[in-house]
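Each of the next two complexes has chain A plus one more chain, namely chain B in the first and chain C in the second.
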Partner chain A sequence: MAVFPSTAAAEAEGRIRKPRTRAGRDDATRGPNSRTQKAAYVFIAPIGLGFLVFYIWPMIQTFGYSFTDFGPFGGNTWIGGDNYARVLQDVTVWRAIGNTLLYGAIGLVTLPLSIAVAALLNRRGLRGVGVYRALYFIPFVTLPVAVGLVWNWLYNGNFGLLNEVLSWFGMSRHFWASDPSSALWAIGLVAVWQSVGYYLIIFIAGIKGIPQDYYEAAELDGAGPVRRFFTITLPLLSPSIFFAAVICVINSLQMFDLIYVMMSPTNPALGSTQSVVSLFYQWAFQQNNQGAAAALAFLLMLLTAALTFLQFRLQKRWVHYA
Partner chain B sequence: MRRRTFLAAALATTPLAAGCSTDSGSTTAGSRGRTTLAYGIWDPAQVPGMQQIIKAFERANPDISVEIQLTPWSSYWTTLRTAMRGGTAPDVFWMNAVNIQLYASNGVLEPLSSHIRQDRTPVGRHPKALRDIYAYDGRQYGLPKDFDTVGLWYNKALFDKAGVPYPDESWTWDDVRDAAHELTDPRTRVYGIAAEMDRQTKFYPTIFGAGGQVLREGRSGFADERAIEGLRFWTDLVDRGWSPPQSAMSEVRARNLYLSEQVAMNYDLSAMASFMYGTPAIKDHGGVAVLPKGRERATVIHGLANVISAKSRKKQAAWKFVDFMARHEAAEIQAKGGVTISSYAGTQDAWLKSMPEFDLQVFIDMLDDAAPYPSSRNTAVWEDLEYLLLGAPFSGKGGVERAARTLAEQMDRALDEEEN
Partner chain C sequence: MRDRLTRRVDGGSVATHVLLSLGALVMVFPFLWQLLTALKTLPEAVHVPTTLFPERWNWASFKEVFTALPYGEMLGNSVINTVGRTLGQLVFCSLAAYAFARMRFRGKDVLFALFLSVLLVPSSLLILPQYDIIQRLGLLNTAPALFLPGMFSAFGTFMLRQFFLSLPRELEEAARIDGAGPFRIFWSIMLPLIRPALAALAVITAMWSWNDLLWPLVVNTDPAKMPISAGLTSLEGQFETDYPVMMAGSLIASLPMIVLYLFLQRHFVQGIAQSGTKG
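Right after this comes the complex of A and B.
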C-alpha cells in the first residue's frame, strides 16, 4: 500500500518529475550506504584494473590468437579452427595431456602427506614446532629454479647423492632424471616435496579450528589417537582438504618450471616428461607458432575448468561443513 | 651504464646541433649531426672486443656513435621478435643460422647486396660456406663476423696410458673406433669418446662425413642411408660401451666429461679452445686434430653475422657500421680478443698464437671441408624433433634407423608447413 498515493499516482501519470540529480537517484536506489560503496570500489580499483589488464584482457587476446596464424613479426591471419584441429590431431599434445594428468595424480599425494605431518605437528607438548614448520615451509618459498638445480644434482646418475645412498643397499646406479621410465616420477616427487609446506599451513590452520571439546568427549569414550584422527580430525578438516585439492590440481596442471629447469633439450626423457604448459612454451617461444600454442593454452583452460567443476560437484558427497 | 652513454652522446650532440644544423650528412633520420645506432648482441664475453671495434669505428666516423644492447641468450630471440613487432628493435644486431631465414623471409632485414656492390665490401675474404648461410633468395642479408668449426679434441695423458698413438690427419672412423675401444677403461670409469646427441658438434659433421645431407632441396635428408650411417657412427659407440649413453650426458655435458678427463676424445667447437685453455689439466695434455674421415672429411661451419633491421630509420649509418665490421681492421681487433675466430681471411693469426699448446690451425684447415650449418625458414621446429626422436638410440636403446625415418617424415611435414 502506497503511503502517499497521490504522489505515486501523479508520478505514474508523468505529472510530477522525479528529481534527476545524481545524489538524489543514488539515495533513492541504493540507500544511505552509497558513499561507503563508492569508497569500496575506489579501494579495489587498483587490483581490479590489474586483474582486467593482466589477466582478463590477455585471456581474451589469447582466445583471439588461437584462431590466427600468428606472424612472427606481425601480420596475423585468420584461419578459423585450424589450430584446434592441429592441436587435437597432434600425438605430442595427447602425450603431454597424459603426462599432465599424471603430474596431477602425483600432486594429490601431497595432501595425505601434509595432513599426516600437520596432525603430527599439532600434537600437544611437541617441542620445537616452529622449527619443524619452518623446515617444511622453506622448500615452498625457495625459487623453483634453485630447487630444480639442486635436485638435478641429487638425481645425477654419475655422482648423485641418491645413487650413493641407494648403493649402500646394493642398488645399481640409475639416471633418475634422464631415463624415460623414471624421469616424470622424479620430477613429480620434487613437486610434492616442494609443496608440502604450503598445504601444511592450510591443514594446521584447519586442525586448529576444530573445537577441543570433541576430542575430550572422544577421549572420555575411550577413543585412541588413531580413532580420534579418523572420526574427528579428518571429517572436520574436509573443507580445508577440499580447498587444498582444488588448488593442488590446478597447480599440477600448470606444471612448468621444474620441467624447464630439470630437463635439458637433449635429455632423452624430454618427451615423456613434457607437460601441456612446457609444450606451450616450446611451441610459442621456440618454434614461433603462437597461434597453435594459444589454442593449446585455451584447451588447458577448458581441462582445468572441467576438473575443477567435477571437484565442486563431488564435494557434496564428502565435505562436511561443521 | 647505458644511461651514461646516452648522456655522453646527448652532451656531445648539443654543440654540434647548434653549429652545423645544415650538415651534409643528412641521410640519417636524426640529421642533427650525430646518429646513435643501437647494436644488439647476446654474449657478455664479447662485449669488450665489440667495444674496441666500436671505438675504432667511431674514430673513423665521428658523426656516428654505437651503443651496445646486451640481451642474454635465453631471452635474446623472444625479446628481439617482440621489439620487431613494436618497432623498437636495434638498428644492427647479431644473427645466427637458425633464425636467418625466418627473419629474411618475413622482410624484416635489410638486403645488403646492393650496398656490398657499391662499397666493394670484401665479402670474398669470408668463407663461402659461411656467407651462404646468410644469403636468402639470392640476396645477402648478413655479413659474417666470426666462425666455428669442429675438431677432434683428445687427451694425451689418457692416450699415453692406453698406449694409443695420437690422432692425426690420416685417421679414419675405423681408427676412432679402435682407439675408443682401447681407451675405454671401466675400472677407472674412463670412456674412449663422447657420443653426445649434439647436432652441431656431433651428428651433422658425421652425416656430412658419410656423404649424407640434413636438408636436400627443402626435404629432410635423415631417411637417407648415408645420413643413417652418419648417425650410426655415434650410436654404435654407445652400444659398444665406448661412450657414455646420452642419459648420462644430458646430466653432465660431454664437454665437461672431457674437461674432467673422463672421456679421452671429444668432437668440439673451436670456440671452446679458450675455455679448455683455462682448465689446467687440459691445457697441459689436451690436443686437437682435424676430424677423421668417414667416406670423406667433413665438418659443419657456423658463425654469427651482423644484420640491419629493415625498420631502422638510420640505415645509412647502420650500413657503414656493418661494412666496417666486415673489413680487415675490425676483424683484426676481434681476433686479438681471443674469444672467437674472426671470419676474415688472414686475421686468425692472433687467435692461433694465443694458445700455443694447441694446434688450432686444424680449425682453419677444416674450412675447405666445411658444410654450412643447415637451416630453413623455421629451423627450430625440426631441430626440436631431432633431439626428441634421437634420444632413445643415443641412449643405447637401439632403433636408430627407425628413429631416423620417423624424424625424416615429421621433419618433411614441418618443412611443408613452412611453405604456407
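Right after this comes the complex of A and C.
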C-alpha cells in the first residue's frame, strides 16, 4: 500500500544524485532544495496514502468489479462486458437515467430563482440583506433526511398541509409523493427549495464583482431597474451562472438522499422516482448485485463527464468574460 | 433615514421587501410546521381540518425520541464522525496544500494531476471497494468506519492551496535565513496566516459530515453505531405514522447544524463562495 510515498522518496533521491543540465543553478540550490524536496514528500505522504487506499485503488477496483460476476465469498469470476450489456438492456436502468436527467432539468430551475433573489438583494440601500440571506440559506444546512421527512408530511395525502391549503381553492386531495405521476416532481421541488440559498451565495458574490459605475452610467441614460438587470447584471453574471450550472447538473445527477428518505420501499411511486445512485444502492447493498452496480456507477460517471463536457463546449455561445 | 426625509416612500423598495419576505416565508415555513407538529399530540396532528397551533403544547415527543431509539448515541456518533473528518481534513489537507503551493519537488505535476482525478470522481462510484476495505480492516459498525475515507479531501487540498499561493514569499525566505526548517515555517508562520481559510473549510466539512447519508447507511447498519442522519431514516421506518415523534426527531437532528450556521455564517458563506463542490 505504501507504494506512493516510497517511490516518491526514491524519485527524490534519484533527482539529487542525477547531474542536472543547468549545473550552476543546481549547485547553488542543492542544500535547501534537497531538504525541501524531502519535506514536500513528507507533507504529501499522509493524504497521498489516504487517497491511494480510499480513492485511487477503489477507482481501479470498481472498474475491475464491473467486469466480474460477484461471488458471495470473494469468488469473483471475469465475465467481460456482460454486466454492461445487462445494464444497458435493463428497462429499470433507462428509467433511472431518464429520471436522473429530469432531476437535472428540474434542478436548473433553481438558478433563475436564486438569480432573481440575488438581484433583489442587490438593490442599493436595501436593509436586512444579511437576515434574508440567512433565512434563504437555512434549508441548505439542514439535515437532508429531516428535510425529506417534513416535506413528506406536508405532501401527505390524508393530513398534509398542502392538500389542506389546496382544498380552500376547491382542489381534491392528492397523494403527491406516492402517486407515480407527481412523485418525481414533488421530490424535485424539494431539491430546488433546498438549494436556492446555496446558489444565492454564489450569485451574490458574482453580482458584487460587477463595477457599480456601469449601473450609474445606465441610470443616467435612463435605464430602469429591469433594463439594467437584463443589459448589465445578467451578461456580466454569466461566468457565475455557468459555474453554478455545472455544479447544479453534477449534484442533480447524484440525487440520492431525498429519494431514499421520501420513498419507502413499499411506495408505489418508487420506480418512477428512482435515480441512478438510488438504483446503484439498491443493487449493490440490498440485492447483492455488485458487478452490475459497478457497471452502473461507471455509466453514471460517463454521463456526468459527457454533460459537463457539453456544458463547457456550449459555454462559448453564452458566457461573457469581462 | 435620510432617504425617508428627502424622498417620498420608495415604492420599489417596499415591493422588494414584500417579495423577499414571501420567499423567506416559503424557506422557513416547513421548519415552523415541523416544530408545531412536534408539539401536537398525535390525534391533533392528524386531525382534519388541520389546525395551525397545538391546542395543548405537548413536549412528550421530544422525550419519546430518546427512548424509542438510541438517539443519544446516534447524536454522539454524528459528533465523532464530524470531528474526525474535520480534524483529519485540516491536518492532511493543509500539509499537502502547503507542499503543492510553496515547495518545488520532482513529480509535482503528476501528483497534482492524480489529486485532481480524485476530485472529479463521484463518491458513489467508490463505495463498493471502500466498503470492502473497511470490512477487511474489521471496522464495520465502528466509529472510524464513519470518518476514515472522509478525512482525506481533494477539495480541501485545492481550497487551501489557493490561499497558500496568495501569501508573500518574503516571509518564508526570512524564516529560512533565520534557520527555520520546512515544518517550522509551515506550522508557525504560514498556517496561522490562512486561519480564515481553515475556519471556512472546517465549517463546510462539518456540515457535509453531519448531513452525509449514503456512506453511513452502508458501513454502520447497527443502530447504536449509526450517525443521526442514518438514524432518522430508521425512525421513519419504526414510526411511520407517529408524525409528532418524527418531526421532533428531525428537529433535534438538524438543530446543531442550524445553530452552527447561525454562529459561523461568515465562514460558511466564505467556504461556499470559495468552492462550489462537496468535500
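Note that the second predicted complex is superposed on the first by the 268 of 322 C-alpha atoms of A that agree within 3 Å, B and C clash if a C-alpha of one lies under 4 Å from a C-alpha of the other, contacts with A are read in each partner's own complex, and residues count from 1 in each chain.
Here, contacts are C-beta pairs under 8 Å (C-beta built on N, C-alpha and C of every residue); 3 or more make two chains touch, one makes a residue touch a chain.
These figures come from a predicted structure and were not determined experimentally.
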item: Which superposed partner A:Gly170 touches (first chain B, second chain C, both, neither); value: neither
item: Touched partner set for A:Ser264, first chain B, second chain C, both or neither; value: both
item: Touching partner for A:Phe285 - first (chain B), second (chain C), both, neither; value: both
item: Chain B versus chain C as contact partner of A:Ile138, first or second or both or neither; value: second
item: Chain B versus chain C as contact partner of A:Gly80, first or second or both or neither; value: neither
item: Partner chain(s) touched by A:Ser178 [first = chain B, second = chain C, both, neither]; value: first
item: Chain B versus chain C as contact partner of A:Gly222, first or second or both or neither; value: neither
item: Most chain A residues touched (candidates chain B, chain C); value: C
item: Which superposed partner A:Asn158 touches (first chain B, second chain C, both, neither); value: both
item: Shared chain A surface residues [contacts with chain B and with chain C]; value: 158, 264, 285
item: Chain B-touching residues of chain A, taken from the complex the two chains share; value: 69, 71-74, 152, 155-158, 175, 177-180, 264-271, 282, 285-289
item: Chain A-facing residues of chain C, complex; value: 3, 12-13, 16-17, 19-20, 23-24, 26-28, 30-31, 33-34, 37, 45-50, 91-93, 95-96, 98-100, 103-108, 111, 114-115, 117-118, 121-130, 132-133, 148-149, 151-152, 154, 157, 176, 181-183, 186, 207, 210-211, 213-214, 217-218, 228-230, 232-233, 236-237, 240, 243, 246-247, 250-251, 253-254, 257-258, 260-262, 265, 268-269, 272-273, 276-278
item: Interface residues, chain B side, partner chain A - complex; value: 78, 81, 84-85, 102-103, 106, 108, 196-198, 246-252, 378, 380-381, 384, 387-388, 391-392, 394-395, 420
item: In the complex with chain C, residue positions of chain A that touch it; value: 8, 11-12, 14-15, 32-33, 35-37, 39-41, 43-44, 46-48, 50-51, 53-59, 61-62, 65, 117, 120-121, 123, 125-126, 128, 132-139, 141-147, 149-151, 153-154, 158-159, 161, 164, 193, 196-198, 201-202, 205, 225, 243-244, 247, 250-251, 253-254, 256-257, 260-261, 264, 277, 280-281, 284-285, 290, 293-294, 297-298, 300-301, 304
